[in-house]
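Here is the structure we will look at.
Chain IDs A, B, C, D, E and F follow the sequence of writing; residue 1 opens each chain.
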């Protein structure tokens, strides 16, 4: 009798001990300033992943050749961002302590702060590759230091200058762009056209990849908190991931899918495919 | 670390051996004549069930006091109704052979035929309580003998006269109503007003309960293949289930939720609550 | 070879000459003050009518026993209300001149003015039974005399006092209720509780029935321009239609379905069933 | 030239100083445990209120005869519940200090805690009338003391036994119902059938009315965080409000509309009408 | 206390007298031949504009450096196109008489006729830059001379040959394309590839820019009356606007957003960004 | 009196005998493995086609210059794939026997097998041009030989090696790609970049064109069973069709529109335009 009661991401059927990668969800969206709902990304991605194949014709690789454990979603206390960040940090450390690579599904972008902190402790020269429509460089948002609009600034508090590379950015305060221009971060406006050169520079460093899916044009990814027209195409995303396959990626996340805002289901399908391709690059 | 990777129906955390009830999904909608999509009911019900509590203030009972195993959805071959019915039949038998009670989540109504067959073999005097908007008494539908529009006629082929009690019926061919009138089935038009009397008659018999959720008014249950205005209220459904709690129910199913047709999610919430209440009555 | 290329309302397969009833659509929504889209009602009703049966268990009657011609939708010039009303008037006259009964599918409520005018010319003692959430008794709306908010006042201009009976009304200006109170129309607030008595009074008169579907509660009929909570249930609607079956109905319309505002499709299913039942009463 | 650039609730055109009632929004949904989005209720209610009339045929009263100021939405920091509650508290005090009555539009139910606190300081014998599907009596939710699932327990911390009357409750933990049963709150399960008697008891006391709109059946109010089938009808809601018109209501709120979950717009129309009627009772 | 009760377009906080640009809405959609609903564009654009920043990284300009007054929507009589056009004309003249530039948000395309008329009176050599999927060059539409399908022909009646430049056109009658080919208008099929050359020609002339947003591909702009696959990308739109920044634009409009047809909200976000960029070019 | 009761595809007003092309629908979706609903494509395409013009500015041709008969949808038995395929086969033969060209609207991709069979009998050297996101080359799917995931393999069973050219393929099992690589089919991954060369090779052969619309990127075509990000643009589709206009196309189909999954209606508009252009090439 064939029974189906697994809701792991497709092809992620290993147990914790044998796995090289651990995928987990961080269903927190408490600081989202516009449309909340990224908390629902984790389970929707797992279920819709069965519309995918495990094989990637882009990379000619198959998830079935990898050892990946899907631990499900963390249980996070609604409306408590400090404690949520703490729990995510602890679980990431647990993964790192067992010499596995963390792969997190958001939630809103603020959740990225925890794996960045844990990985930076392990790799002091950690490089952050940041794909996003928004700068996320505010010092605070309506008085709050911890917010999805400040997360990269908080990451910079940890890693400092010359460690953060931003791509696809097309929205922010004038001040944020100016602050970046002073050399605090590398910022590629609108697209990923300079990724190839950046990769040459950071090739030997440990790299954390954080993809805010709203970097994609809302024509292909409407299901997000703050859709921002003028983004990159899916093909550019695939090409960027392919380029990153030669990097030493030590952890990654994919955040800001808010599936209920896209009744067609396409945004979730996009998230699934980005995750499959990025996992195949780890 | 609290991790969440269970997608069982809420409160159904027992394993197969210790359980008294086994809940499973039959994601088949291949003969649906209008709007397909009941194949998606199983997993959506499991996930949305976490919006419920395990405690019922209607019955003052709690799912946590029961031993229930959720085996997930059966894997059924798309577009092959004979083989799908065969697989459902076999799994129901497996449950019965282990002295447990089957509780099936459809799929379309045709899937009910398999547990009815298995239970009728075990209980030759099996009574069928049928809740539905539609007669489902056609001899064939566009030439097909196996269809969601013929399923109760096929059940009658098995159990014969005086065994089937139908409630809530408000749509069908003139011929179907006439055929029933000849005494083949007991048919309560529009509502469940005679359920109390019927229960007195069948009290000592083994009973199979099949609830096509479109018996409910589409104001509260729009997410179904053929919404039929004029149905019973949710309160009438709850009252009917409460009445049935004194019966000897040996198996049950809840069918015809097509969740994608209700973007508000209310239909799925209704299905969850009907399932919780009916399981508490087994 | 069975081919399906008819999009008539189900069971309306007669030609014009042999028919006793002619059903036609008036896809005009140009004066709608809130959410437009009732122009799409006609074709959606025809197509979704195939989810119905031709047999009514409420009335124990079958559309197949009637001679009905479905002439399709009139082609009306967008944004020209005077000319649209003129075209509807002419077609209704054409139906009356051939001794058939007109049955119109709106469109917004303004379109009712044309068949009322044509029928009043034929039957000077015409009675109007008006089912609606709204009074529709304004003298003008933002300066416009012809509007879906003034249509019953315009009908009163034609037929005068003691001819219009309004049911289900639950929204309007204080002035409109006061004007009606002076005896110009009979107005049953909120429901149809006095319909039975009214029917006794008007039994021998020619009656025009105009049903603005927003008389129904938006729980069962959300797909309309101005949903107004607190309406009658579908069962009350069915009961009202049944009561009217003893009247001499010489024409009827069903208006204000805006199908795009109800993604579940239930509103269209409701409209179909109201039309079937009302046609069976003519 | 008629220009329209006001987005006040319909009929609320007074300025702060001349007003007797001040209506304001509290767009916070940070602890919502299921579907967030009640933050969007305020502006959607204001805009959709223009689908209403200012006149109520239920109460034969008109908003135009009242002096009401609509101050808009408070600007609350996303993801900081303590500070948000503080800001709401301060604004409510500002209203009370000017001898006006506060009328708050949520947001999630947690926001009710602030006006309750401010009013309880002013009226030590304050009575709370609580309309809701859920008990909201948890001591904590996933460790959090401040949550939309604990808000009435937190209110009880302030006002103590015999001050809180709950209506329509149909979901909660077994423990919550038991705790209430010990006499801490008065709890009317499922409906509002005992409201009339309660009103006799509390007639001379200052009363705060908090309406979690999910008390309504999701057939008429699907647009909410946790839809709970089996609720009261809109008519029962209207009747309850009418009964309360003889009370000394010193403040009120209407919470938990999440408009994006109801694409038909009916939930927002319901919220508007509940607010109109309740304001006419103040 | 920070209260939010402004619903101006983001960054448009000047009063009428101090402003250089006046933005206003013309919520008319009465001649729309397919899907109506552009009447709702004005307020939705204002509200959703708060998901934008005031700063444009495309132009490195900020709305906060401009003086813009948002006067809200005009109140137009539903279903009366002549009077609606008259009111829009009068308000545009009022703006021009005060030496400010009009910026109109539609509504359907017919509304553009009024500012064109007013501006042509002031600037007899007015050039019209027309961005659209459709020719809009019919002489009449179902007998109506004033229609969203005839508006550019009506504009030509005013300004004559060699004054109208059309871009992005991909749908129309064969006759319309032929009529244009005779030299009456300049027509760039499918895209904006010749805009640069056109700009050189018209550089010194006063220019009116009318953007029917359906020029954009429906992948990025589905929320419109008549979606027409094969349109320009958002990037091409941005590039076109940038090119126009060197022109002497004396007035502009952005029309045909029908927000209810795009449940993802992306179409409204697109409209907001087009408006921000175009206003920064005035 | 202008009445509208035709629901033919726009411009297809000829009768069977005078026609050169016969367009018909095959509303079968019984083996669909993910999201069903392509059964509704036929009537939605016909109705929405009236949002198109008959004239194509891409090809400078007009449907009004062609003789096309629209026979409506075949009536197929739900849930019986063998019989459905048989009925489609018979109708295609009927068309061929009358020396007309068949143009089929799906339905799921499995339906293509029948016209391919009929045409291969008439033209033994038939070439198949297959546009799709998916390989469709499985030997069986969950044990079923007839499935929308095996249809091209079944076609290969008929026509053999060197006859099938696949374009746009971006999803499949590793085994399927390998099997094709052995020379059984020509497979152009991701796009249609080699179509021009292929056309040179097959120029003199009779060609069947089967377009699974999910070849298009889901940004422009979300309304399909299995949306697959990374597809071709609408412009690439138009260019491909233009290239094919020099071929000897003896039959064609357009399949896998599931309109209910795209509430914006854009997917249906896309399907209409692809059909118009492809018919103009026959």
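Some points to look at:
Note that contacts are C-beta pairs under 8 Å (C-beta built on N, C-alpha and C of every residue); 3 or more make two chains touch, one makes a residue touch a chain.
What you see is a predicted model, and the numbers here were worked out from it, not measured in a lab.
Relative to the C-alpha centre of chain D, the farthest chain centre belongs to F. Placing every chain at the mean of its C-alpha atoms, the farthest one from chain E is found to be B. Taking each chain's centre as the average of its CA atoms, chain A and chain C sit 55 Å apart.
Chain B and chain C have Cα centroids lying 38 Å from one another.
The geometric centre of chain C is 38 Å away from that of chain E, both derived from CA atoms. Counting partner chains per residue, chain B shows two or more touched chains at residues 35, 75, 217, 219-220, 261, 263.
Chain contact topology: the protein chains form a pattern that is neither a line, a ring, a star nor a complete graph.
Chain pairs that touch one another: A-B, A-D, A-E, A-F, B-C, B-D, B-F, C-D, C-E, C-F, D-E, E-F. On the side of chain B, the complex with chain D involves touching residues 51-53, 55, 57-58, 62, 217, 219-220, 234-235, 238, 263-266, 269-270, 273. For chain A in complex with chain B, the residues that touch the partner chain are 1-8, 24, 43, 47, 70-75, 87, 90-91, 94, 263. For chain B in complex with chain C, the residues that touch the partner chain are 34-35, 169-174, 177, 189-190, 217-220, 222-223, 226-230, 261-263.
Chain B makes touch with chain F in their complex at residues 29-33, 35-37, 39, 75-81, 83, 141-144, 146-147, 260-261.
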